[in-house]
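The first chain written gets the first letter, and so on, giving A, B, C, D, E and F; residue counts start at 1 in each chain.
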Amino acid sequence: MTLHIVSKSPYGCNALTECLATFAEGDVLLLIEDGVYALTDHKWEAAPAGSVYCLRADAEARGIAIPEKVEGIDDTRWVELCTRHNPIVSWYK
Amino acid sequence: MTLHIVSKSPYGCNALTECLATFAEGDVLLLIEDGVYALTDHKWEAAPAGSVYCLRADAEARGIAIPEKVEGIDDTRWVELCTRHNPIVSWYK
Amino acid sequence: MEGKSTLALCRQPPYGNALAREGLEAVLAAAAMDLVPDLLFLSDGVFQLLDNQSPAEIHQKSLQRNLQALPMFGIEQIFVCGRSLIERGISADQITIPGVEVRQVQDTGKLIAAYDTVLSF
Amino acid sequence: MEGKSTLALCRQPPYGNALAREGLEAVLAAAAMDLVPDLLFLSDGVFQLLDNQSPAEIHQKSLQRNLQALPMFGIEQIFVCGRSLIERGISADQITIPGVEVRQVQDTGKLIAAYDTVLSF
Amino acid sequence: MKFALAVHSAPHTSQSAASALRFARALLAQGHELYRVFFYCDGVHNGSVLAAPPQDEADLVGEWQALQQAHGLDLVVCIAAAQRRGVLSESEAGRLEKSAANLAPGFELAGLGQLADAIANADRLVTFGG
Amino acid sequence: MKFALAVHSAPHTSQSAASALRFARALLAQGHELYRVFFYCDGVHNGSVLAAPPQDEADLVGEWQALQQAHGLDLVVCIAAAQRRGVLSESEAGRLEKSAANLAPGFELAGLGQLADAIANADRLVTFGG
């Protein structure tokens, strides 16, 4: 079960679209840095319910509200997500 | 009459889309570097006929064929395009 | 240097990369030299204007401080692309720079074409 | 090091930025250490495989030399995303690496999930 | 659990170098092991001792160095990527007949084999780039 | 006609620094004037004397220097962007108490005012980034 980490805005870059096109069953999605701008759109809802996370610090930095169906996490939980999933795929460009 | 220079692939980045959305009458479009990958698609046809150029060296580097309606130019013509148009807007990210 | 009309095109969101910040720094420096640019926020650049930014936890300074300095440097023609706002679900009341009017434009191409020089950030 | 299954995900086009080249260099170096990665070309990364590249005039070395070295380093599991090819109008006969079979995959998610480690370039 | 990080981007250009540092701190705080940080591509600039950011901005080079000191981290800068971008150790500067060296203390230059070794030995590899 | 170039990206990372160099050569060959090249953001790395690319790759720093010598170009590296990224002149290195300097001969550090001055004095500004 892969952990996908997306760090770019879905408006500027195709990282999120490509990530979602390679989503497998049981995979989870973590939005970090400019990736949190995906929360202003509905694209992330293509991922299964309960599988979408975002770094709360990155959302707050940008003034982006975290929808109810997305779990805002801190760095501790980020590390934990990484221990519970493998492989970890970064979509950063 | 603006010269728009786009240097990113339209598949990875929204630079070309945004550029075409700000096209004004008389503007021209020059595709350079990874911008020449736009020639594998039809998006550039949104620009008026005769207004689309590409750097031949960048297309050849990538193995991309230049369609008939696009003028492949060398560096000398690139400079010339810049002297004939103003302002010059780079869409590089 | 007042003779040359200059537009800074701001297309990057804040914090993820340095271009938003370095773009505004260049704009303020130019204004300090009496070359006062106008600004157009386009694409993800409109996110620079969003209220409620709190980047302390990611160890960055708020970009809104740079924006608030714009009117002090005499920069008063600030435009935002209406289409980019709509695409991102941002309403007009979510974007304010204290002390300056941010004007929505629809025909960004016509706006750009009227300048002598355009800086891209 | 053979125990660890590794996939290099190659998403960038050649020449415009260094990631395509530096990614392949990392892959070849890992293979030389007996950690032989598989490769998946996805998104604009499929442009790396396009034939007829001639980058001499832009003063770069052809990336195809690096690709041709792959089988010599024992790298033989090379995948390309079928969807990415179709989106870019590239047909199967335009993408060949001499001496190695490039296999099209449709379900890239399932492929990726089977590896221990994934490198992103 | 044993982690390895690959850092592909430079401080003061992309946020991702700072994200890598935060992630490294968080995993160490939870008692995990950080087997190696491998700086590749523009990430090599994390190892430049000449970076002098303004006082009110984060000093990432210094923060990596402090973390290295506190935890004995293995901070490896890819030698090939570093040469292209002008990050040199004393011995590399000598060999290449360059006028100065700028690799920060606490970092070391080594080949791409160290990335392969990190993959082989760590339970998790997390890449930071962009 | 008088041109000014703004270069926002580093050699060996983006092609655009090489594109800027090609464009500069082409405009000079046609008898135009190059008022200034202003290196900003990651473009400051074009002025690093420590870059040592492999022999079969382009040496952009050296090519800028050769062009500067041949045409007396004004190659200006933004001092604020350069400090953050670790590109320092002798005097900056001294002032900041750094162990070395790495600004290549032929380049000079100056403030962002030099970009404004270039805009004011050139007929055309072309930006290279990415």
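Assume a residue touches a chain if its C-beta (ideal position, glycine included) is under 8 Å from a C-beta of that chain, and two chains touch if they have at least 3 such contacts.
Being a predicted model, the structure only gives us computed values, none of them experimental.
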Every chain in contact with both chain A and chain D is listed here as B, E
Chain of greatest Cα-centre distance to chain B: E
Over half of interface residue numbers shared between chain E and chain F means same, under half means different, so which is it? same
I'd like the Å distance between the centres of chain E and chain F, where a centre is the mean of that chain's Cα atoms. 26
Could you state the distance in Å from the CA-based centre of chain B to that of chain E? 38
Once you find the CA centre of chain B and the CA centre of chain D, what distance in Å lies between them? 27
Could you tell me which residues belong to chain D and also touch two or more other chains? 11-12, 15-19, 43, 58, 60, 117-118, 120
For chain F, residues that touch 2 or more chains besides their own: 8, 12-13, 15, 22, 41, 57, 80, 125, 127, 129-130
For chain B, what residues touch not just one other chain but two or more? 7-8, 11-12, 14, 33-34, 86-88, 90, 92-93
What's the contact topology between the chains, one of line, ring, star, complete, other? other
Of all possible chain pairs, which ones touch? A-B, A-C, A-D, A-E, B-C, B-D, B-F, C-E, C-F, D-E, D-F, E-F
Within their complex, chain A touches chain E through residues 5, 7-8, 32-34, 75-76, 78-80, 82-83, 86-88, 90, 92-93
Where on chain F is chain E touching in the complex? 10-13, 41-42, 45, 48-54, 57, 61, 80, 83-88, 92-93, 96, 98-102
Footprint of chain C on chain B - complex, ascending: 1-2, 14, 18, 21-24, 26-27, 86-93
Can you check the complex and tell me which residues of chain C touch chain E? 15-18, 58-61
Of chain D, residues touching chain B in the complex: 11-17, 43-44, 47, 50-55, 57-58, 60, 87-90
